[in-house]
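Across the two complexes that follow, subunit A remains constant while its partner is subunit B and subsequently subunit C.
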Partner chain A sequence: MTATSTLESQPVASTSSQQSLYEASTQYRHWRFSPKQLVDMRYALNSDAVSAIRNAFENDSPGSSASVAFLSAQEEYLLVKLYVGKVSQLCAHFRFPEEVEATAVTYLKRFYLKNTVMDWHPKNVMLTALFLATKTTNHPISLESYASHIPKTAPSDVLDLEFLVAQSLGFDFAVWHPHRSLWGIWLDIQTLPDVSLGDLQTAYEAATKHVRAARLTDAEFIYTPSQIALACFSLASPTLASAWARAKFPSLPHPPVADVLGSIEAMILREGSPPDVEAVREVDRRLRLCKNPEKIVGSNAYNKKLQEKEKKAEEKRIRKAEAARIAMEEGDPFGNELAKKAVEELDDDDDDD
Partner chain B sequence: MDAVEKANAERQRRWSKDQKIGEGTYAVVYRGRELATGRKVAIKKIKVGQFKDGLDMSAIREVKFLRELKHQNVIELLDVFSSKKNLNLVLEFLDTDLELVIKDRSLVFLPADIKSWMAMTFRGLEFCHRNFILHRDLKPNNLLIASDGQLKIADFGLARDFADPGYKMTCQVITRWYRPPELLWGCRYYSTAVDIWSVGCIFAELMLRTPYLPGETDMDQLKTIFRALGTPTETDWPGHTKLPDYVPVGQFPKTPLRELFTAASTDCLNLLSQCLIYDPKRRISAKDALSHPYFFALPYPSHPSKLPKPAKKDVPLEEMDGNVEMASSGPGVKANPPNKLKRKHSSEDLSSRPVARRLDFSK
Partner chain C sequence: MAQRNSWLRGTTIRKSGPSTAASTRTGTPTQVQSTSTTIFGGGVKDPSGRTSEYFSMDDQCPVCKSDRYLNPKLRLLVSACYHKMCESCIDRLYTLGPAPCPICNKILRKLAFTPQTFEDLTVEKEVAVRRRIAKEFNKRMEDFPDLRAYNDYLEWVEEITFNLINDIDVAETEARIRQYRQENAALIELNIKREEEYQRYLQEQEEAERQERELRAQELRRLEEEEREEREKAKQGLIDKLEMSDKDAARLVAKSRAEAQKRASARAASSSSFSQSSARLLRSRAAQSTVIPDVPHVPLQDNYYAYDDLFTMRDTYYDPVSEAVRKDREGIMRAGGYMVEQAWQRALRCAVAGLEIAPLTGVPAPPQEAMAIDSESSADVVMANA
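Presenting the complex of A and B:
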């Protein structure tokens, strides 16, 4: 896997001008994979999730997991894809700029490279991802007005998952999008000789549709934004796309980027349409039965987990109070070595404000 | 525990918070260390729970940009983790900031020292601009100084990507004394030139050892600028009278910079004047500034390790310096006149000096 969640384990980014800005981005460093890596990651994530949830069922009542049909990685992927499509509908409703929509889609897809739909339903995660995207792209709206436009949604439904989403993204908020690259290509092509602006406009509009279709695929995890953009342009007008590529690499007989276009175009045509709603509905039906019980508010397993957490917090408070008391009794408000250490250990926590 | 939570907990365990060194409305700053290496760090804990709209914009901006920027002259974000409803940014620990250096009357600046600080500022800023990022709050106390003398641009709480043509931006950015005239007149479409104006003001401040254009109100700021540099004419700055909040603020004559900056070299004044050109389109870019003759003329810039620094006190007090300021970054303090918060912190921290002594000796 090339993606890591900590900053230090990455190669130190060189600041030399040789490195492209894109290669220094978190998108390149943390969110680029080979097709095989993607399959393996999703498979591993799914099987870990299934065994964890199976345990949760068994803890709750032994034998209860035997009859549960858990979702497969492929089924999880289908469900996420359905909600990727729903982000667009929501954005159209709010009239958010394309930047917001594209960013929210990326957040949602990245989230499910780290989490399973059996823990967190994409319906909820989608709302949080979109709300977060409005802020990270500088188009903030108030939570209240956001939630009020969405049926059956309270502000807390959106906010409760915000930390989880931000964490799952590894706090990598900046995203580079193909639609921006496409815009650049469109501007570039206008400077080429003998281009009919009418043809260009038609091609640009068709290419924009392909860019939107590409959002439903894994293209952004495998290719660069500019490769995807050029592939979309090529789908719309192979002539203009290759004229642009030749102009970019005037000294080469064959522009190197041409080699990847075919597979991106094929991916967009193959996977760039919304999933069959009936098939996904069936997945969603089964999801109701295999959801992680520890994540369902009010369930036995949920309450049990909550109690454990509270108990731990209570123990910690007691230890901390005890440490402080010992320190006071010693007559030194800063405590002796031992007491200080105890306080320090507990202090990485946040009851101190 | 979920994989994501687990990863977060693991990250959290790598760092320890040792001592609170500053507190602002939205954040608390701790001195801390990386447990594995003992490396000193600053941990900025942003209290998120109190925001009704969740993670606030200034925290998001800071994280978003610092995650992407790695440069010798930009503060390094080492890690991010959350604890309950708080966001923790682990930043490299920096000893002091340029404001404290400027104010330390016991320090003497050589022309080569000023050149060195300016070169580092322009290098860091060129990198931000090359990455399509506007800082929008440059001022001496956001330029932090590492123990090896390297200057680092910090506090990206007001930063943003360049807007696309046709998208408005807010003009309520940049601390007043460092704010360019186009923003004071309400310009909503602006560019990297706003940061360059701030650098020009910092440049002048390094020579004068006192803020160059300390206006008392936004209106007075324009007057202060024109008193120093002359009222712009239509030739100086075509179209400025059409800006949204344009008001005439009186006619002041141009005085040559030489009259105030008597000891500066010609190259030096040329670069300064190019940073303070009224017309944002003609103001010098960070990239061009780096190849300005000033940086290639004698004396060459001082080596960072040779730059003047406030003396270490008897008690290790470095925790009082630069990073205290970071606590005050938050939406509540944007575009305030400088110093207010920092001064407050310093005096508050006086009472905690014995603590610092105690903790340091007991290690």
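Presenting the complex of A and C:
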């Protein structure tokens, strides 16, 4: 019976695994959303975080949360955007290649689709995301020299968050970037007839700037990197871009990409500039007041949380010892029946020691 | 358990006559040369049935104290009481019949000496004991009413083995073994047969696979041969035609080429059906082995060539970005095997990958994987407290 079922499942698996490289990438499978989804996700994340932090405040001292003005999803987004810009400054300082910069930006943005700035401040996460990106893009730099170039930062500040960041990314480290697609467009346009290299060069340089601006937007969560690159090129030189798009789909009268280009271009022009520093400073000032007290080392709530965790771990240890003792008393070192409830209670607790 | 220990159950060949011993002799390493007229078989065999002998430069016979320095051909053998002796001592002491061991006084026979496999003689003894035990204590889990009884039985067997290895209550243990043998004679016999059957089944399977492979290779050779002959013939025919007829040469060549094309495609069709049958074979084999149905995503199986029809590589491009690397003849800037063409190809692939994919709209139903990530992220919050 089981043999036939595996036989049937085999072809299904083999057809589904024959995807094109981009469609098989984690970027396409895990990090592609609709604009509405993005808004909903950020909103849900924010409201969950606010209620959790409100609880923490109330536990600390009842009634204290009434006066706190929590950040909205929009304000969180502004703050993240500011630090996306800071990544570029850092990369310029370290002279990291564009690959590292783009990857770090993507990590930072992805991290805040799963976490809130009220738990983890982006100024710390940014450093970790950049350090992680240097490693995943094969431009490693020693932790000491990295930390020594950044004021008020110790190596442990960078490393402590590293696993958290990697875990929030779902360990999807490989990223497809628009700047590589843009390079490909630049190469491939040269195969078109009568293209002047001078025009192409100026258009490419302008498009590169637009790709950098696109990093400040949500484009990478909605559109494919090739579409973003083409939109950037189209901003720089609409005629060349449309000629290339037509050449890519010679059988169709109207290339399917053209429909999305307009909305990407509008998005880049609308959101592709760094946020107003004064507005963000105001957000940051309020963030200092509404940070999750359980995450501030040394605060009452933090200590309480720590104690709670230790208590839980202690309970677990006692329960485990008890179960082992009972098993030994019954004379069977492997326990009575492996699939019994006693084992279910003991979930895998490798993480707490 | 039965499968795991089957190598233990391999029969230890004690030397019975020169004919069988000669076959085991070939397996011993050439560096150990026997100086004795007797050929010693046995010892611990690895799964392929070979005996590898332990050999060291510091070997010394505990009886006559001769060592490898005095006698380069020194070969130490192990007695039934697990004491080492050189071949000349064995010849000297035991040629005239059973005699006591010079170390522990146990009565030994010449033919009970075996080559040494392990450096540590206790290991040698343990392996021998376990092999002996496994041969008789071969009950399977199906022979017991429940897991508990089977576990008790295994425990009991382990106890007997431990006693034998460490010489604890040997007489009593031997009595227990004898009793067990009497009680379970039929079952032991049955299990031995079962095991043999299983081995035979495996062998047959292997044989069938081998034949299949040979057949396929033969078929492939035949096809190649045919193709070659056909090509020869077509070539000859074309030359003949060009000689004889007064038609346009270019047209004749084109015609013959079209014919060749047709034949090639027909051949490809027939061979594809052939490969299909082999694919079916593979699949049925995969179904036989217990595969986990949930196959993880293997990136290497993705369609690497999906976008190849969307671009054509040129030999070279005007590309200031990579100019320095391309001009670098000594390869200072390149890692081993770096080719700028591959970087170009990757960029071109990125430029066309997913060009036609429409963005998501509204709130599509989250796929399974996305859900999994969400649940992970809630775990993150727990982890985040660390």
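We adopt the following convention: the second predicted complex is superposed on the first by the 294 of 353 C-alpha atoms of A that agree within 3 Å, B and C clash if a C-alpha of one lies under 4 Å from a C-alpha of the other, contacts with A are read in each partner's own complex, and residues count from 1 in each chain.
Please note the rule applied: contacts are C-beta pairs under 8 Å (C-beta built on N, C-alpha and C of every residue); 3 or more make two chains touch, one makes a residue touch a chain.
Because the structure is a prediction, the values reported are computed rather than measured.
A.B. asks: Which holds for A:Ile222: it touches subunit B only (first), subunit C only (second), both, or neither?
C.D. replies: Second partner only.
A.B. asks: Identify the partner contact of A:Thr153: answer first if only subunit B is touched, second if only subunit C is, both if each is, neither if none is.
C.D. replies: Once the two structures are laid over each other on A, A:Thr153 reaches no partner at all.
A.B. asks: Just checking: does A:Thr202 make contact with subunit B only, subunit C only, both, or neither of them? Give me first, second, both or neither.
C.D. replies: neither
A.B. asks: Does subunit B (first) or subunit C (second) touch A:Ser242, or do both, or does neither?
C.D. replies: neither
A.B. asks: Would you check which partner chain A:Ser72 touches, where first means subunit B only, second means subunit C only, and both and neither mean what they say?
C.D. replies: A:Ser72 contacts neither subunit B nor subunit C.
A.B. asks: Pick one for A:Leu21: touches subunit B only (first), subunit C only (second), both, or neither.
C.D. replies: Both partners, subunit B and subunit C.
A.B. asks: Name the contact category of A:Asn59: first (subunit B only), second (subunit C only), both, or neither.
C.D. replies: A:Asn59: touches no partner chain.
A.B. asks: Touch test for A:Asp119: subunit B only (first), subunit C only (second), both, or neither?
C.D. replies: So A:Asp119 meets both subunit B and subunit C here.
A.B. asks: As a test of reading the superposition: which chain, subunit B or subunit C, is in touch with more residues of subunit A?
C.D. replies: Per-residue touch count on subunit A favours C.
A.B. asks: Which partner chains sit in contact with A:Lys36 here, subunit B, subunit C, both or neither? Use first/second/both/neither.
C.D. replies: It touches subunit C, and subunit B stays clear.
A.B. asks: Please write out, lowest number first, the residues of subunit A touched by both subunit B and subunit C across the two complexes.
C.D. replies: Residues 5-7, 13, 21, 24, 114-115, 119, 163-164, 167-168, 170, 334 of subunit A touch both subunit B and subunit C.
A.B. asks: Please name which positions on subunit B make contact with subunit A in the complex.
C.D. replies: Going by the criterion above, the answer is residues 2-5, 7-8, 11-12, 15-18, 28, 45, 47-48, 52-55, 57, 60, 63-65, 67-68, 70-72, 77-80, 82-87, 127, 130-131, 160-161, 355, 358-359, 362.
A.B. asks: In their complex, what parts of subunit A are in touch with subunit B?
C.D. replies: Those residues of subunit A that touch subunit B are 5-8, 12-13, 15, 21, 24-26, 45, 48, 114-115, 119, 131-132, 135-136, 138, 140, 142-144, 155, 158-159, 162-164, 166-168, 170-174, 334, 337, 340, 344, 347-350, 353.
A.B. asks: For a test of understanding, state which residues of subunit C touch subunit A in their complex under the given definition.
C.D. replies: These residues of subunit C touch subunit A: 148, 151, 283-284, 286-288, 290-291, 293, 295, 297-299, 301-304, 306-307, 310-312, 314, 317-319, 321, 344, 346-364, 367, 369-370, 373, 376-377, 380-381, 383-385.
A.B. asks: Contact residues on subunit A for subunit C in the complex?
C.D. replies: Interface residues on subunit A, with respect to subunit C: 2-7, 9-10, 13-14, 17-24, 28-30, 32-37, 40, 52, 114-115, 119-120, 163-164, 167-168, 170, 176-177, 180-188, 190-191, 197, 222-227, 229-230, 245, 248-249, 256-257, 259-260, 294-295, 305, 309, 332, 334, 351.
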